[in-house]
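Notes follow once the structure below has been shown.
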């Protein structure tokens, strides 16, 4: 019981700090924190697969990107309505996720990873070349939809945008946390621990994996929508492999299988990027890559796992 | 020459060897008997450095070799002929032999010598020289496994169930090979299911039960009185 | 016909890169995400040698040897400590490696594509079309390298050690084969082959850091495959680049 | 080698007919027809490489047999995937310990029990499903792992891990429990406990066991089937098998 209440105290402390962030932080860091929340959501979505189901997706850029483009499509072609953008983005992400899930879950291990990678690159090529709809290389620019509920609407300020993002990320986190502790989540973890055994006790592993990919893809799409709304543009770069790679980095740095770890990983990554790019300019990935490799070799549980162990001792 | 001293070994969590001690003197054939699953093969693997002992020591030629890498042990003169033979399936017979032959200190003359010797022992292998390992029959694979071990010019061969699944005619041949090797001064630690064969070729016999050596006796004594054999191995 | 020739040339290069990759995967069970980066770095080392006044062939040799050594260092530092860990760990480690190498190349050589001058500029006529000799040469050379690899694996002591290790690691060790060293050698050899193909392919596609990012796995394969199927464009583009 | 390995086929829970499994040219199982009656312990023995594990793998859907039928309750289940076989009330343990290593004992058993109840629920905490947990605890109690519920599977001793294997299989409420060398690598004391456990659970369900240890087999089994080079060599009561000259010749080589 002490551990449980300790968890909630920590949860509300972090939530409070994040909620207060836009009131105390200067412009640059305010934006920075909002963005980390969005990337953290993306990383969290991928944790469902890496950390809980035990398969590495190298294709999360596709879900993220399709969420973005779906939202942009809704905003440009229909009405500049936030909820409409959400609906379109989620629909697009879900479609892609269903597609990827159907094929990739037939494969295991590295073949799963390569399959997700190949599919994400295919979607990249489609978006890059289908200029009439996607704007091709230049992407799409649009106006930010206002924050609206029926009968009330107001344009986003940096602070309200931050709170909007924070509440969506928090709700998604709580939902995912619940899912990982549900009977379904237990089956996913059983698959991670021992796939053949899970099959032998009567679970149709492939169907569980399909649902896991769908769920993960939907959350990644949600992150994409938030990013599009925050930045008012979409570009094919976000569908490119690099983004998927970064998502994997977030997970490994922060600690897989914890949901919070990947968010921490995203924060560390962007802080490292900020810090290191002073010395290494755009080549910051050289030291980041090295830190990443050291983490893989020496801290397989990631930063969060490491911190936890230190605290326990 | 080779000794295991109070060796404990685990496969993951499972405690397979609970303190095995045994000794093989130079040029001696020693049998290791016991029912299935008592840890005979694990004992050989532990000696060969394939399983790391949790406690205890392996001494070879007066030197503590516990924890020495397997390929170094092979170069020192320990050869292992595993139970399932483990012929390299897509290497030819000749290439299988080369895995042991291509090493420093083997000149042209010595190579020819060693090959000539195994082909004399196993004329069939000379015939099948260019055939892939996987196409050999069980008996031929067993011969190749022994021949391959001989390429290392070992001081001792750890021989794991050489007659398993072989026809009676082949069993006789294996027995002759063991005899010949002994005359050449090669020590053998023999794990076998066949008690008569073991008693016939060995000087001494150890009997294992549930991960420990329970009994040690000269083979002639056991041949004369099989009460011990019945007790530990009977059905 | 031209299509067929182009397909053959591209196929040969791909086969060369792939044989290095599968060599590593087949023997060490390591999926090398940084293979594309080794290919790219090989090409860059080639341009450096050429810039220093070396010949194309010297560049090919130096690139292969350099990447061979780099491969050995990488294997010792990153992959050997991961022996016995989850395959996921090696995937992640080589992925991290690809980030480092890719950005190192960007830093060292800059974003502007470099060109490797082909050693032969002649053309020959085939069905009313000019076809560059160099393309034929690389196809032949790639085939020769693969043949050499095959002979090496078939005949040489190390070749037999590599094959034995691939088939049964434990038994190989029991036969006195230095298995850890074989693993290092295999990784280096795979890298050297990637580097050689990088230099050979350089004159056709130019050399920049996008040659080898992790996306090379899919993007590279997909575009290469697409090039094989629509080769007219690549033959034309390489000719127009020359004329331009 | 007749289809009627047993005089009466009426009580048969599982029947195989001409079961054959080839790997390339090699027949690991060749035309094996046998039947397992309801209730009690049935043993399959044979020297290494006789096809015992292959038989188990075919029976539990890990391998798809090349030919032949596996009839459970009158229905052919040959070639169904493992999860479908599990739902036909056939459970198995593994020769090599095969657990969810990073999970606790309770989790291992609970996930297995859950497969028969609410596997697809997403929203409620798994601890809210009391029925599943009660069932898991009952199984843990029955196999004698009480007090170890919160231990990680990877921290158990070897003997306890093997017992947990059996508990997981039991939690799926099988009619037929297939145990692949349940006493492998156990000390003498652990072996005795496991034999006791198997004898206890064999009261309600049918147990099919592959085992090397003859004491275990002869002490437990109601019927024994001997496989040799993938073929059915003999079947009968332990006494009959021990007296069968063919069995003595191939199997008990001493």
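Note that the chains are named A, B, C and D in the order they appear, and that numbering of residues resets to 1 at the start of each chain.
Simple rule for what comes next: a contact is a pair of C-beta atoms (placed from the backbone, for glycine too) under 8 Å apart; a residue touches a chain by one contact, two chains touch by 3 or more.
Quantities reported herein were computed from a predicted structural model and do not represent experimental measurements.
Chemist: Can you list every chain that touches chain B and also touches chain C?
Modeler: Looking at chain C and chain B together, no chain touches each of them.
Chemist: With a step meaning a move to a chain it touches, how many steps does the shortest path from chain C to chain D take?
Modeler: Counted as steps through touching chains, the separation is 2.
Chemist: If you tally the C-beta contacts, which comes out ahead, A-D or B-D?
Modeler: If we tally the contacting C-beta pairs, A-D comes out ahead.
Chemist: If you average the CA atoms of chain A and of chain D, how many Å lie between those two points?
Modeler: From the centre of chain A to the centre of chain D is 43 Å.
Chemist: Whole-Å distance, chain A centre to chain C centre, using C-alpha means?
Modeler: Once rounded, the distance between the two centres reads 34 Å.
Chemist: With centres defined as the mean C-alpha position, give me the chain A-chain B separation in Å.
Modeler: Comparing mean C-alpha positions, chain B is 56 Å from chain A.
Chemist: Who touches whom among the chains?
Modeler: Touching chain pairs, listed by label, come out as A-C, A-D, B-C, B-D.
Chemist: Contact residues on chain D for chain B in the complex?
Modeler: 47-49, 97, 154, 156-158, 161, 181, 184-185, 187-188, 212-214, 242, 252-254
Chemist: If you look only at chain A, which of its residues touch chain D in the complex?
Modeler: Touching chain D from chain A are residues 178-179, 181-187, 189-190, 193-194, 196-205.
Chemist: In the complex, go through chain B and note every residue touching chain C.
Modeler: Within the complex, chain B contacts chain C at residues 48-50, 69-71, 74-75, 79-80, 82, 86, 88-91, 95, 98-100, 102-103, 148, 151-152.
Chemist: Name, in rising order, each residue of chain B that touches chain D in their complex.
Modeler: 11-16, 18, 35-37, 164-165, 193-196, 210-211, 229, 233-235
Chemist: Residues of chain A touching chain C in their complex?
Modeler: 54, 56, 109-110, 113-114, 117-118, 120-122, 124-125, 240-242, 245, 248-249, 252, 280, 282-286, 288-290, 292-293, 296-297, 300
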